[in-house]
Amino acid sequence: MEDSYHITGYAEHFGTWVSLILLTFMTVFISVFGADLNTLTVATALFIASVKALVVAYYFMHLKYDPKIYRIMILIVMSMFVIFLIMLIFDYLTR
Amino acid sequence: MNASNFVEGVDLSLYVILGISVFFLIAITFVMIYFLFKYRKKNNPVATNIPHNTLLEIVWTVIPTILVLIMFWYGWIGYKPMLTAPSDAMEIEAVGQMWKWTFKYPDGKVSDSLVIPIDKPVKLNLKSIDVLHSLYIPAFRIKRDVVPGQDFMMWFTGQKLGTYDIFCAEYCGQLHSYMLSSCTVVSEDDYNNWLTSGPNLSNEHPGLTLLKTNACLSCHSRDGSRIIGPSFKGLIGRQEVIIRDGNREEIIVDEEYIAGKIKNPNTSEVETYQAGLMASYGDILSDDDIKNIIDYISTL
Amino acid sequence: MEHSFSLPNSGHNYDAKASKLGMWLFLYTELLLFGGLFMVYMVYRALNPDAFLIASFNLNVWLGTINTVVLLTSSMTVAMSITAIQKGNSKLSLILLALTVAAAVIFLVIKYFEWGAKIEHGFWPGMDHFTNLPFGEQLYFYLYFFMTGLHGLHVVVGMVFILIVMKKIKNGSQNKNKNQLLENSGLYWHLVDLIWIYLFPLFYLIH
Amino acid sequence: MTGTSASQPSYLDVTKGLFSWIFTLDHKRIGLLYLYTVGSFFLVGVILGVIMRLELFNPGADIIEAQTYNQVFTLHGVIMVFLFIIPSIPAVFGNFFLPIMLGTDDVAFPRINLMSWWLYVIGAIFALGTLIFGDGPADTGWTFYAPYSVKTGTNVSMTVLAAFVLGFSSILTGLNFIVTIHRLRAPGMGFNDMPLFSWALYATSWIQLLATPIIGITLLMILAERVLGIGLFDPAIGGDPILYQHLFWIYSHPAVYIMALPAMGIVSEIIPTFSQRTIFGYKAIAYSSMGIALVGYFVWGHHMFTSGMSGPSAWIFSLLTFFVAIPTSIKVFNWLATLYKGSIDIEVPLLYALAFIFNFLIGGLTGLVVGALAADVHLHDTYFVVGHFHYVMLGGTGFAFIGGLHYWFPKMWGKMYNKAVAKLAFAIIFIGLNILYFPMLILGVMGMPRRYYDYLPEFHTLNQVSTVGSWIMVTGLIIMLVNLFIAHRKGKKAPDNPWNGITLEWQTKSPPPLYNFDKMPKLAKGGPYNYPNAKNS
């Protein structure tokens, strides 16, 4: 019954943390000092946020080592949500 | 001739879909009942397992797909022309409020029913001053929500002389079903005569006219009966219990209080009445108007 | 109750996988709960881009950044505590969880001062300064309070979860072989972090 | 009759007393708790509906005032949607039969299951509490459209809170079922060996799980707007009422499939059992449930064609709406084909299932009419829509619910009802339903808007016909209830497998023992509906 499961090492967690902190400072830096990027800042901020979210989900939340079904489910849920967003904003932009 | 230019497109889509639907309803019901008797236990004691049949399944996937695409198409072509009004359309402002329609013509004429010339495109600019309404003329097959804070429009061409009902189709509170009006399609000449005939003032008190045009009388009676808000009869000098900031207060209603309530109705509420239903009329009525209204109320 | 026959797949067995799956499903509902708010945010931001930009200058980016770092760190400690208990080191696991709770408290304290400053300056709905703002900026602050408030509530709930798990580790009912409750609280805590990862740029970083 | 020596007591006899019921962890008892509560609220909803029909018998004010009428139809909507239809089939029959059909002894989280029933009760108390607290029940319609729902003085806050709590209950039920289906199927039962009712519940559960949070947060925003004066949807302070409608329908359209899919699941169980042959196109039916669930998420905009939606958006939403019709029609054709060359036993459940197909066809096909953009402009918010969704909800889901009740009644209580009376009740309900709702379709085409307390004289006759229909239908419902009640009290003992079904619930005793099975159930070879007595083609 008991399947062997993957135990993530402390070092790996620490590495994840370092990369997340780096990404945080990157996004703050771009936003506060990189004003010449103009409208791109929103896109970059959201892009970096998504990278961070992915890192948290993959390593901290263990998705990387979980059965495939978990990744498929979250992919479906998130893409559904994104389609909601697109259809909603599409209505507002075409008015 | 149809009552409006949209009747044809709407009815066509309706008939196409209803036609297909009725066919399927009858056919499926018939087959169902036929099987029920043909394969009754008595007639067919041993059933046959048929797990599936690919060809049949493809057929009854593809045929409905084609049919719904046809239905969709008729729906779309009937709807598309409603989206853009012709540039030469006559513009009228249609205002919805609890529970009254008001139509404002370009040259200043105001009416609570719609009168339009035949064969001329009319564009209604829809405004709501309180909650959602929906202007619906069944005979013209058109309907459009009237949303506060949004500038929506609808347009149509009346093609047949006559008077048609206007309903409010979006639920808007207590007297929703009484928010009726009418649309009269008249000849060009009759329309011009109607337009130039002055407002039917006669000897009506200007304050009463204002109460009528602003739908005040939907909620406040003139004969002392209780509707949604307190009655106007004997209002000035009446003792009322109001609730202001959560405190009960007894006040004597005076002119200043009434003027204040017209401008900011929801700062206090009269006990046993619902607060929050009245919109502010500060931007709609001038100080002179308010004076006229109070003058009229004092005569009741 | 006498139970002479039992089925191999029974709803009464301890099933770590079922409980993990259940937790993930619950997280989806949380994501969509905030998702609804993100939709509102997106639409109002699209309708009032300038007002949102102006209003966002009222927030302190550095406090936001510190809070981000605090939450990320707490996520790491909670992840490590799971590693610790899986390796059988309950004590270390407890210490790491205590650190997580401490981080949560720090986060809430900073949030408290941030909100306090806003309210002191009259940005709370209904206050004088607030009612004089343009509609777009009012919406920004509505959403700011609503979304960070709801997020704060989740921080509190997550904290309570972790405290309960700590108690269970202490009395040994969460251990090397049976630690799904800890893992689930960890998942919940990471979700709180995930949501903050999006709230942070959306409110603080839209210069 | 009853089976083995190592027998456990029946789930009904294990323990006695009220507390053994309301704090039970047994999925069967929770299913019955749901049945009693859901059934009671259905009756309350019916009474409210009858009051409305009486008021509409003549134009003008008859028995109640306009304000009361508005509160009655709101309460009718809230009760029927949130307290009856959404929990009806999943929470009653899903709870009772999903674990048995999968060959296990309970759902994955029995305690969460009990909690979800309690949340349901709390939500119900909130919903009915509006009768006592505040300024009376909400008068907004069950849609709570802003800004009216923000302005009105009636107790919208409490109603909204009720819907929020009920949503939570619905989420927990869905979550429980998904995990149960993933983790607790009997050894050897793959996803494609599950009964179709489980498939339908699986699809439903995903909708409950993923759509409900959005209405939850939307209603919280309405609550915040009313209580704290936070202006998110009121245009007077910068909000957008159309956004409320978007958010509301993002949940409430998929919610329609929470109501419809389990009903289709029951019909997919009943038809093969009474045809005594395998169901036609198992995979097509199973996957079309998932297809409907998926596409159903992206069609919410069709409730807003006249509410200021942009042309291109309307185009997309209308097209997607029509795509929902395709998997639905596949199901109907499959059911029809299942009757072909069957050995049909015309029993009460089958009658309900076939009537379901008929009513659902009317409901679905009229749905196509309002899905078409041009026709919707005319028919939106008229009685056509009222007729349409009552055909789907009561004619469809309601009939499947009653059909399921007659199908599983002998299993649930081990008693059999009087079949002749049940058939009579069926006929009266079916006729009454059609007299009640068909005139509404015509009224809609004539242009009578919905939620009208009073109407113009030209709508008089059809309204009277409709009201008479409501009396007929209620008569039928009473006969049905009395019949079942008598059967429950002193019905003949029912055999374990009265319909000769082969899904797993028919392999255990009637009523089932505490842990559902006394011995390992045997899965049918070649799928759950492969009847051993039938010829193979």
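Going by the order they are written in, the chains are A, B, C and D; count residues from 1 in each one.
Here is the rule we go by: a contact is a pair of C-beta atoms (placed from the backbone, for glycine too) under 8 Å apart; a residue touches a chain by one contact, two chains touch by 3 or more.
Worth saying up front: this structure is predicted, and the values here are computed from it rather than measured.
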Between B-D and A-D, the pair joined by more C-beta contacts: B-D
Computed distance of Cα centres, chain D from chain A, in Å: 38
Centre-to-centre distance between chain D and chain B (centres being mean Cα positions), rounded to whole Å: 31
Chain centre separation (chain A, chain C; CA means) in Å: 15
Cα-centroid distance, chain A relative to chain B, in whole angstrom: 46
For chain D, residues contacting two or more additional chains: 210, 240, 246, 250, 308, 311
For chain A, residues contacting two or more additional chains: 77, 84, 88, 92
Per-residue multi-chain contacts in chain B, two or more chains: none
Pairs of chains, among all present, that meet the touch criterion: A-C, A-D, B-D, C-D
Residues of chain D that touch chain C when the two form their complex: 6, 8, 14, 27, 99, 103-110, 112, 171, 175-176, 178-180, 182-187, 209-214, 216-218, 221, 224, 228-232, 237-240, 243, 246-247, 250, 514-520
Chain C residues within the chain D interface of the complex: 1-12, 15, 17-19, 21-22, 25-26, 28-30, 32-37, 39-40, 43-44, 47-48, 125-126, 135-136, 138-139, 142, 145-146
Residue ranges of chain D touching chain A (in the complex, touch as defined): 210, 246, 250, 297-298, 301, 308-313, 316-317
Of chain C, residues touching chain A in the complex: 24, 28, 31-32, 35, 38-39, 42-43, 46-47, 61, 65, 68-69, 72-73, 75-76, 78-80, 82-83, 86-87, 177, 183, 186-187, 190, 193-194, 197-198, 200-201, 204-207
Contact set on chain A toward chain D in their complex: 77, 80, 83-84, 87-88, 90-92, 94-95
